[in-house]
Amino acid sequence: MIKVGIIGATGYAGAELVRILTGHPGAQIEWYGSRSYIDQKYADVYRNMFQIVDASCMDDNMEKLASLVDVIFTATPQGLCASLINEDILSKTKVIDLSADFRLKDVSVYEEWYKIEHKAPQFLEEAVYGLCEINREKVKKARLVANPGCYTTCSILTAYPLAKEGLIDMDSLIIDAKSGTSGAGRGAKLPNLFCEVNENIKAYGVASHRHTPEIEEQLGYAAGKKVTLSFTPHLVPMNRGILATEYACLTEKVTEEEIKAVYDKYYRDEKFVRVLDPGACPETKWVEGSNYVDIGFKIDPRTNRIIMMGAIDNLVKGAAGQAVQNMNLMFGKRESEGLELVPMFP
Amino acid sequence: MIKVGIIGATGYAGAELVRILTGHPGAQIEWYGSRSYIDQKYADVYRNMFQIVDASCMDDNMEKLASLVDVIFTATPQGLCASLINEDILSKTKVIDLSADFRLKDVSVYEEWYKIEHKAPQFLEEAVYGLCEINREKVKKARLVANPGCYTTCSILTAYPLAKEGLIDMDSLIIDAKSGTSGAGRGAKLPNLFCEVNENIKAYGVASHRHTPEIEEQLGYAAGKKVTLSFTPHLVPMNRGILATEYACLTEKVTEEEIKAVYDKYYRDEKFVRVLDPGACPETKWVEGSNYVDIGFKIDPRTNRIIMMGAIDNLVKGAAGQAVQNMNLMFGKRESEGLELVPMFP
Amino acid sequence: MIKVGIIGATGYAGAELVRILTGHPGAQIEWYGSRSYIDQKYADVYRNMFQIVDASCMDDNMEKLASLVDVIFTATPQGLCASLINEDILSKTKVIDLSADFRLKDVSVYEEWYKIEHKAPQFLEEAVYGLCEINREKVKKARLVANPGCYTTCSILTAYPLAKEGLIDMDSLIIDAKSGTSGAGRGAKLPNLFCEVNENIKAYGVASHRHTPEIEEQLGYAAGKKVTLSFTPHLVPMNRGILATEYACLTEKVTEEEIKAVYDKYYRDEKFVRVLDPGACPETKWVEGSNYVDIGFKIDPRTNRIIMMGAIDNLVKGAAGQAVQNMNLMFGKRESEGLELVPMFP
Amino acid sequence: MIKVGIIGATGYAGAELVRILTGHPGAQIEWYGSRSYIDQKYADVYRNMFQIVDASCMDDNMEKLASLVDVIFTATPQGLCASLINEDILSKTKVIDLSADFRLKDVSVYEEWYKIEHKAPQFLEEAVYGLCEINREKVKKARLVANPGCYTTCSILTAYPLAKEGLIDMDSLIIDAKSGTSGAGRGAKLPNLFCEVNENIKAYGVASHRHTPEIEEQLGYAAGKKVTLSFTPHLVPMNRGILATEYACLTEKVTEEEIKAVYDKYYRDEKFVRVLDPGACPETKWVEGSNYVDIGFKIDPRTNRIIMMGAIDNLVKGAAGQAVQNMNLMFGKRESEGLELVPMFP
């Protein structure tokens, strides 16, 4: 039984970790960290857990936690994990960081986009980018995993095989992404009020969203060269779900069957990636509550572009589900243990 | 391994049966019956099941099915199960009917409220009303279970202990219920279109909804006398969930602690009934995707009324989850097997 | 041209006043008061008003305002209007208070339910309760109007004719009300976040909501005796709209035609009250954006109860629209001037 | 007073025409055409119009109508207007067609994208494309106006000034559009059910949506050359609103101030186009219920792309509002008469 500690257990991603781990046969949560709710019953903060979780919230003492648990999940704002982590902690326990602190290898890129100083750059090289489908072997041996962002998971997996195979012109890549509102977190802010979000759609962070360099770095590894792309997120009036619609020029004449074969080559054996039949468009609702990525595409011969589409549940494959998938890999468990969540419809 | 056949597998309740049974370790679906989609891949009708269910839809041949499976779920419109069922079928297999055909003991009440002739009244006496928390022992021995309605499950369980203990004046009982739109089914009807339901709330079936006599019959058994009550359903712009707000005059002077003790007496050991702490109001979102009933109450000394509130997921405890709970009982399984679904929030 | 000042122009009710008055041919807003946004452009706070309103927000200086405008609307939290108002102000300008400060005639009831001291009880007697359909003549002569609450407007108008005619047993009256989320205001509070409200319904303020004594007082005047009733509000995942479902025992044998005739007697000439044909149930969407109250009812002979239903837009007839209706009456304008808003569907 | 006839008055666009024209001081609806609801009271089909519209629905007799009214609006499926129109009708009355029948000048393009034969190609040359901001002078003299599509109105106006000035590389133009569900019409179809649309987002019509050639034709006129672009529509869980996010490479080095100046050059005097301050992103909610187009943009120096964003209410500026704007122009009225609709928020 893997003993788990969560720092930031009362944000939406933290709560989703609790939901998933509660149903995980091989893991047990020992620590529900939440600075904001110390000593309050966890089930008073998230009443879905009434009579399921009996524990109270604890503070964010990572040092102490390191001695108690086998793995620490940090589902906290940027900068916190980097400010707490040290060699002593990593010598005692594994860490899966759901924030952005260890996702970007280049500390200057981090500091430019996040506008904060990085407090633990010495671990950047060691940290493994936890996109399981791509870095599986490295994750298995990691002490510190940087769990990918929600938009990035969806954006990267949707384009990865074609980037890797050189089938798309990376300079032409445009990602137009749409997210449910849980991605904005549980902070009590005016723009996240029901009446502001409901019956509304808007773009935000245009040409400046922090997930941009993360997508660029990873797709750059795939393409074997530096990638600069356009990424535009949108806020959609729904709780969960991300849809990424991606546009790129094809580098050669290919058929949809050939493209399908390329996707299948990379994802055929991936339990959590479902490549839809040609012509089918993914919908976020069809993956809700699950760890799946659904991928579809369409070639537009008029413009010589391919339109790729990917859908995930931002809190599962985009956060907590992927974190548990990483945990399973790091501890030699079956990769899908505790993650066989059937999407809920409607 | 229980072999399961579903008739009506492509309605919302049928689809929820598929979702739940797919994760049930002791059951296996052998037959996805759906007259409307015969020979189509089930996963083309419900794309959440892509790469999870490989089967195609079959017809509604109950005779044939009886020889193939251990239990048949009928998630079909009123009248269908009664028109197909017979002694031969029941001698070979168990039947759990999610329609109203066997819920009301009095055939004339059925025919009056449902406006159709009952084709199999000979099984009414044998049929067990499958509200597990109340009829557990009878369910265990049943061949034919009438799975309760969604509104009725929520309405009955919320008031049952107080009715049973004589603490509320049954003539004063008023149930004001609110339901998500999945309760209206997947039929392509104008009133169920997104733009008609969204940003809207309305009452419907006022003083005439078919779940009324079902609630009256069951609460009548509890109270030990004939009950006539007001029941008003409302349509709410959300997918899932039923909230029942119930008003009744108290028959004696009691405190909230005493009421809480009565609820605890009946539900303390019930895994799927969660009696909230006094003062807390149930919310449908906190039970979404799960088999829980959350119950709260408040005494209003100014009016000498008690306001009882109950919340369920209409597709789980109000339909498919309860049906599986019944199946577990009928086959001697652990009652909660396959039903330890943690509510999803948000 | 009536010169108007608004204190609290950046709450949802204040913003709706701005929307309505912007289209009012006989009124002009001179003062957009908002303590929170002083000196900011109003159109930066409410971007729907971009290029429509050019003004910036001002402070809450009621004294100064009294010399500048013909009427002051206070769309502010409880207690503010009472703390600012005085004889000098009322000698110079008219005041329409959208808060609860002057709705209840009995100061002790106010202080009991609102838990704050009343700072201007000397104006309680003079203040006119601005439910236009009932107090029209008094409103015309008023200096100070207490604009009714949203739930109360809907609840009172729905039951008023039957209460007045003695057709319902007032002790049996139960009001189960459902409101859109704009009623909770624009404050950045966790329970009002999109992800907490969406896909959810709950009761709140059970047996303790502050609109209860207001409804009781007004229906008490209608019935000619003290009324104590049950009132339960619910939060619905939609922006606008209130639906009140009201239950009461009939005091005599009447037909639906007779009830319809009673409603027509009171409301036939009321432009903003639409009594639906017997059997029709009001829906909030059908009045959205307008000043209408839609009323329907159904007699249940089984229980001898009548179920009355009323629907309004909480921000219009439940707040800003009614306030403008009061203004029109106070200034001798046509009552519907600027209020001929056609409901928007969908 | 302009006498108006509507064919297709019970679709969502037709109903919006009724809502707007009801408040138009210079027009009067004489004919509510609706094949599906002949002889039914219009207010029974759209209950928001109860006590506002007393008329019943009529058939689609365009010949007869031509003698009765000054202008006919056809808010009908593709092909109907073309199959009914003739010289005799156009000699008696003006026609504003909200379908696609007369939007594309090249009949073969129409037949290729719409898969139906064009029944009245002889009027294609005469028909004026009714995008008022661009074709104002032609509209004033037109007998037959082709009212633009909803996606197209938003897409074209957002890019028009930059296309016209040659500031964007038209071959690089990608339009990612998101629409509320009223755009799908009031037909009772499974994909438009509440439970299928709610909590969901998907792309549809990828690389094949019929609005594509319409956008290409109009932006081609602006750019002075043939344009081929990518256009992807998405379905969003909200009633109203379209947001178009448009990506294009800049043809020269320009600042945001220079781009703003270009937009202002074209739109400064346009009442219904609001160019937001640099950096601001349009949101559909801020234009809801109004005839506005809100436009924002952002230059991304990293990719040398400009991201342009436009928001409209698809039923107003995207359909009925623009149709009325065309009517005003055709009859010499003030262009904004009856269209000074203040956006409703929330």
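By written order: A, B, C and D. Residues from 1 in each chain.
To be clear about the criterion, contacts are C-beta pairs under 8 Å (C-beta built on N, C-alpha and C of every residue); 3 or more make two chains touch, one makes a residue touch a chain.
Remember, it's a predicted structure, so these values are computed and weren't measured experimentally.
Hopping across touching chains, the smallest step count from chain A to chain D is 1.
The chain pair with the larger count of C-beta pairs in contact, out of A-B and B-D, is A-B.
Here the spacing of chain A and chain B, counted between their Cα centres, is 36 Å. Between chain B and chain C the centroid-to-centroid distance comes to 38 Å (mean Cα coordinates, whole Å). Distance from the chain B centre to the chain D centre is 46 Å, each centre being the mean of its Cα atoms.
Across the assembly, chain A contributes 12, 182, 195-196, 198-199, 237-240, 283, 285, 288, 346 as residues in contact with two or more other chains. Those residues of chain A whose C-beta lies close enough to touch chain D in the complex are 174, 176, 178, 180, 195-196, 198-204, 206-207, 228-230, 232, 234, 236-241, 243, 245, 247, 281-285, 288, 298-300, 302-303, 305, 307, 309, 311, 346. Across the interface of their complex, chain C is touched by residues 12, 15, 19, 22-23, 46-52, 182, 199, 239-240, 274, 276, 280, 283, 285-290, 294, 340, 342-346 of chain D. By the touch rule above, chain C contacts chain A in their complex via residues 12, 181-182, 186, 188-190, 192-199, 237-239.
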